[in-house]
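In this document, chain identifiers A, B, C and D correspond to the written order of the chains, with residue numbering beginning at 1 in each.
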Amino acid sequence: MEEIKKKELLSVYSGEAEQPFEWSAGKYVSRFLVEMRDNKTLVGSKCPKCSKVMVPPRRVCGDCFVQMDEIVKLSGKGSLYSFTVVNFGFVDPDTGLQRPVPYTCAYITLDGTNCTYAHYLSETDPAKIRIGMRVQPLWEENRRGHLLDIKHFEPIEG
Amino acid sequence: MTDWIEQTEDMVYKGRIKVPYTWWVGETGSHFFATLRDEKKLMGTFCAKCDMVFMPPRKNCGRCFNQQMSWKEVADEGTLLTYTVPAYEADIHPMKPPFAFGIIKLDGADTGLTHIVAGFGTGQLKTGLRVKAVFKEDREGHILDIRHFQPV
Amino acid sequence: MDKVGIVGVGQTKYERRKVGETFFDMIYEVTVKALDDAGLTIDDIDNVVTVSNDFWDGRTISSMAVQDACGARHKDISTVEGDGVYGAFYGAMRVLSGSFGTTLVVAHNKCSQSRMNQITNAMFDPIYTRALGLDAVTSSAMQARAYMDAFGVTAGQLAKVSVKNHRNAKNNPLAQIALDLTVEDVLKSRMLADPLHLLDASPITDGAAAVIWANETAAGKAKKQPVWLKGVGHMSDAYHLGDRDLARSPALVGAAGKAYAMAGIADPLKQLDVAEVSDVFSYMELMWYEGLGFCPEGGGGGLIDSGATEMGGDLPVNPSGGCLSANPVLVAGLARLIECVLQVRGEADARQVQGCSTALAHGIDGPCGQSHCVMVIGK
Amino acid sequence: MGKRVAIVGTGQTKGSSGRKDVNGQEMINEAVMKALTDAELTRDDIDAVIIGNMDHFEGINYVDTWSVDGSGGYMKPIMKVTTGGTTGTTVAMAAYYHVASGLFDKVLAIGWEKNSESDTTGAIITAFEPIVDRPTFAGAVGGLALMANRYMHEFGATQEDAAYVAVRDRRHALKNPNAHLQIDITIEDVMKSPMIAWPIKYLDMCPRTDAACAVIFASEDYAEKICPRPAWILGIKNRHNFTFLGDCALGTLLSLEDAAEALYPRIGITEPLKQFDVMELYLPTSFAGVQWIEALRLCPKGGGPELVNSGATDMGGQCPINPSGGVLSSNPIGATGLLRVAEGALQIMGRADKRQVPDAKMALVSGFGGCNWSDLMALGAKKPD
């Protein structure tokens, strides 16, 4: 290409553009959200073949490829499987704004399940968090059928 | 056992994807936009192998992969190749109706530039119509520095 | 080429909004249906190709939503982001490579969950075009205008496609919109973007589909006779709309030429028994007639006038009702292919084309049919 | 049966934190031109183009049709494949199957990303289930930190163990002119760098990169005519298990274990550490560098730190890992997997210049992404039987 006189490099900015979606939860996650909202209860789905209980509940057991019809109510208590304390800033795609940090992202093995479940943990000092520690949910007063009907999980004794 | 499926209300989550994008225009496109902004001129690129002037400009020829394109100014006036008048309003539209989308073969270019056509009378739009660019006063180096094209 | 054939198919009903179902639910439904159709179990499936689009789904790895629903655990898997015919083609390649005896191909979309204008606006270049606000409707309207102006095709001829396909849909229990229409009805329907009326356009649709490919050995285990791949080709035109002659489809000519050469087809109108083509907008079917060589360039309007592509004509096109009667984007191509399979098998019930042994499925990608994929299958 | 397939040319752009001088199509074209030059082919020779990236990093729908000016797809067969972080290896695998099917002889595979054009973590979060997974998830950094933490808990590995990999891969990158990061660092530097998501520190993590990579695959009928020492594809396997994040065990990379178990017997691998001369692995964090090699059976479970600290995976060691500098030195996400394939091919072809592993005959490359998914490809100098 011939020499370009201006070496200025321009860009195009998307501005406030966003794409709205109306994602169906499906019957399984709908039940999960309704139980949270109405009964402050977490539920999973149980595989009729391998008996594993998965949370969030879903229609098919990935290992067995069979439909999971049975919904199992959980105590909500569990053990911390892994965690990270997030310190860096980033845009939350659901708001277009920076997600507040620091926060602790916790993967919890809920009692009676065969997988882990992701939520916030109240504690953000890694020195005070121990994998294997017992945790339970802190429910919000006003619940709307949303993951954040649980404000966060917090450590408990035993 | 599956009665609960029938009984469960259908929850719908209204969310969004809102992530900001900054698209780098590149040296070739920056020259096009800077010239549009500063001089109200439209610069295409010429492939000597294909004997074609591309509008908008290309750094390389997409047809023969010639990497040695040269700049060629094209007119701000040209011929309407096709058009449509949207009969609905949408958030993505840059202006209120009536307006048209059109593909315009600018004089001196071999490809058409897609843009907005406005300022036309009822029944005036037709393929082959001569149209001319209307530039914005406050130009910022953007494709909408051409506000729209309108009949000559 | 070694032989590869389709031994199982499955589709959901196509609907405006499946509010109670996720991508996962729909994919499980069609996977089970395709397996049942083939008389196979998930253990007979060697690998999986999923088809989805991150923009429509609102997920940047849209395939992640369906892994367990299509039984993909512990199997090789990949994802095509494009029309279902391309996904099916890739699935067939994976069998032809000798690496796998069978491939399950699944596709899903819930167009009801997003806004069509914004999703399709995002296929336009963000630097030069996107801010203008084009979407699938307005860009296609410009193509329709260019096509009509170039060859004198009329709005009434476009409308005939809508009349035909919506009528054909009456015999397809899975179709979303089945209507008895007149040309007048189409022309009187609400203008979207001239020259396209509401009834010239395909609807917003939710749905999923699945096919199972098998090589000769694996096909022996299936309960259905395979419908063999005879020929296939795909090709893309230039990207910027103004770079293209929008009234013509040279990329389709190229794609079809390759498919026909493989399948030994010299006169497609005579040698094909059924064609299922991408009629996202009515005019497209006429343009694609020309690109597919069913008639000479500019002859699309004349061909629909002749009745040759009606049920009972020389070459019925879109007996399923086509995209005009249900358009779950991406899934649509797989639906075209599945209709061809059902026709060749003689399982198309009230819409069966008698003596069908060779059928053509077609899909498009990108703005205004920039890229085309053509597949010929038969006994 | 299918055709045998080899890589006959590669091209890549130098990694950068922001390629403001080119738009996406132009950056893709740079890599494509380099690959064509490397293979001594022209656009006319290419039978089909396969391209991939992650849509929401640049906000472009239908990247295959958008990119034809750069990719060379004008009036050619084009296809888009995409699977998240594994996109690059997914593209390579699609190119392999295109050629192996016998339907195409010379196929161009392209991976690219301009991570400078959006918020990488924000865009990655959109990969996950919107109702249950998205609200708490912190993108790749967060996911990888969860895995690192669990791994340390189960096997007693330390942050210092991992830091060795951060240093190793950056040192290797000093000999790769295309690497984005060219930094000479110590374990102390890594330990002192800011904690971004416990236990991952800034220098434990890969960068955000703008780059493109193009690789040309050819059938056995052409490969040796194009390239004096083509890199033959010996075998490929991938596993994209799991839909929800919470389904994955985190102490080991199960999908990689699964893929390796499927791949090794097919190509006669019983002792991977001995049999492979070089590995180029998708290791986006230092912790992955000690943990995931266990899934590849290079050492027993929990033995990763010892193996890495022995120097066996350094340049000059028994089986050098990531001569290119790896993902820790360049991470243009949609290209990252393909860059691993390209590096494996360069090593086999003997074109890796200052970072050449002497007489490399067998290479293993990997991809990682999605819901802890894994891709594997084995490359060799000897034409498969």
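Definition applied: contacts are C-beta pairs under 8 Å (C-beta built on N, C-alpha and C of every residue); 3 or more make two chains touch, one makes a residue touch a chain.
Note that the structure is a prediction, hence the values are computed from the model and not measured.
S.K.: Among the remaining chains, which ones contact both chain C and chain D?
M.R.: Looking at chain D and chain C together, the chains touching each of them are A, B.
S.K.: Have a look and report which chain pair racks up the highest count of C-beta pairs in contact.
M.R.: C-D
S.K.: Hey, how far is the Cα centre of chain A from the one of chain D, in Å?
M.R.: 28
S.K.: Which integer distance in Å separates the CA centroid of chain A from that of chain B?
M.R.: Taking the average C-alpha coordinate of chain A and of chain B, the gap between them is 41 Å.
S.K.: Taking each chain's centre as the mean of its CA atoms, how far is chain A from chain C in angstrom?
M.R.: 36
S.K.: Two or more other chains in contact with one residue: find those residues in chain B.
M.R.: 10, 12-13, 15, 17, 19-29, 59, 62-63, 142
S.K.: Where in chain D do residues touch at least two different other chains?
M.R.: Residue numbers touching two or more other chains: 20-21, 23, 56, 58-59, 68-69, 74, 119, 122-123, 126, 130-131, 134, 241-243.
S.K.: Show the residues in chain C shared as contacts by 2 or more other chains, in ascending order.
M.R.: Residues 19-20, 24, 55, 58, 67-69, 73, 118-119, 122, 126-127, 131, 238-239 of chain C touch two or more partner chains.
S.K.: Which word fits the touch map of the chains here: line, ring, star, complete or other?
M.R.: complete
S.K.: What residues of chain A sit close enough to touch chain C in their complex?
M.R.: My answer: residues 12, 14, 19-27, 29-30, 58-63, 65, 67.
S.K.: For the complex, which residues does chain C have touching chain B?
M.R.: 19-20, 58, 117-118, 121, 126-129, 131-135, 137-139, 141-146, 149, 190-196, 238-243, 246
S.K.: Once bound in the complex, which stretches of chain B touch chain A?
M.R.: Going through chain B, the ones touching chain A are 1-2, 4-5, 8-31, 33-34, 45, 59, 68-71, 141-142.
S.K.: Please give the residue numbers of chain A that touch chain D in the complex, ascending.
M.R.: For chain A paired with chain D, touching residues are 9, 11, 14, 21, 23, 25, 29, 32-33, 54-56, 58, 62, 81-88, 90-94, 99, 103, 105-107, 115-120, 126, 131-132, 147-148.
S.K.: Would you mind writing out the residues of chain D in touch with chain B in their complex?
M.R.: Per the touch definition, chain D meets chain B at residues 18-24, 26, 29, 33, 36, 42-43, 56, 58-59, 68-70, 72, 74, 114, 116-119, 122-123, 126, 130-131, 134.
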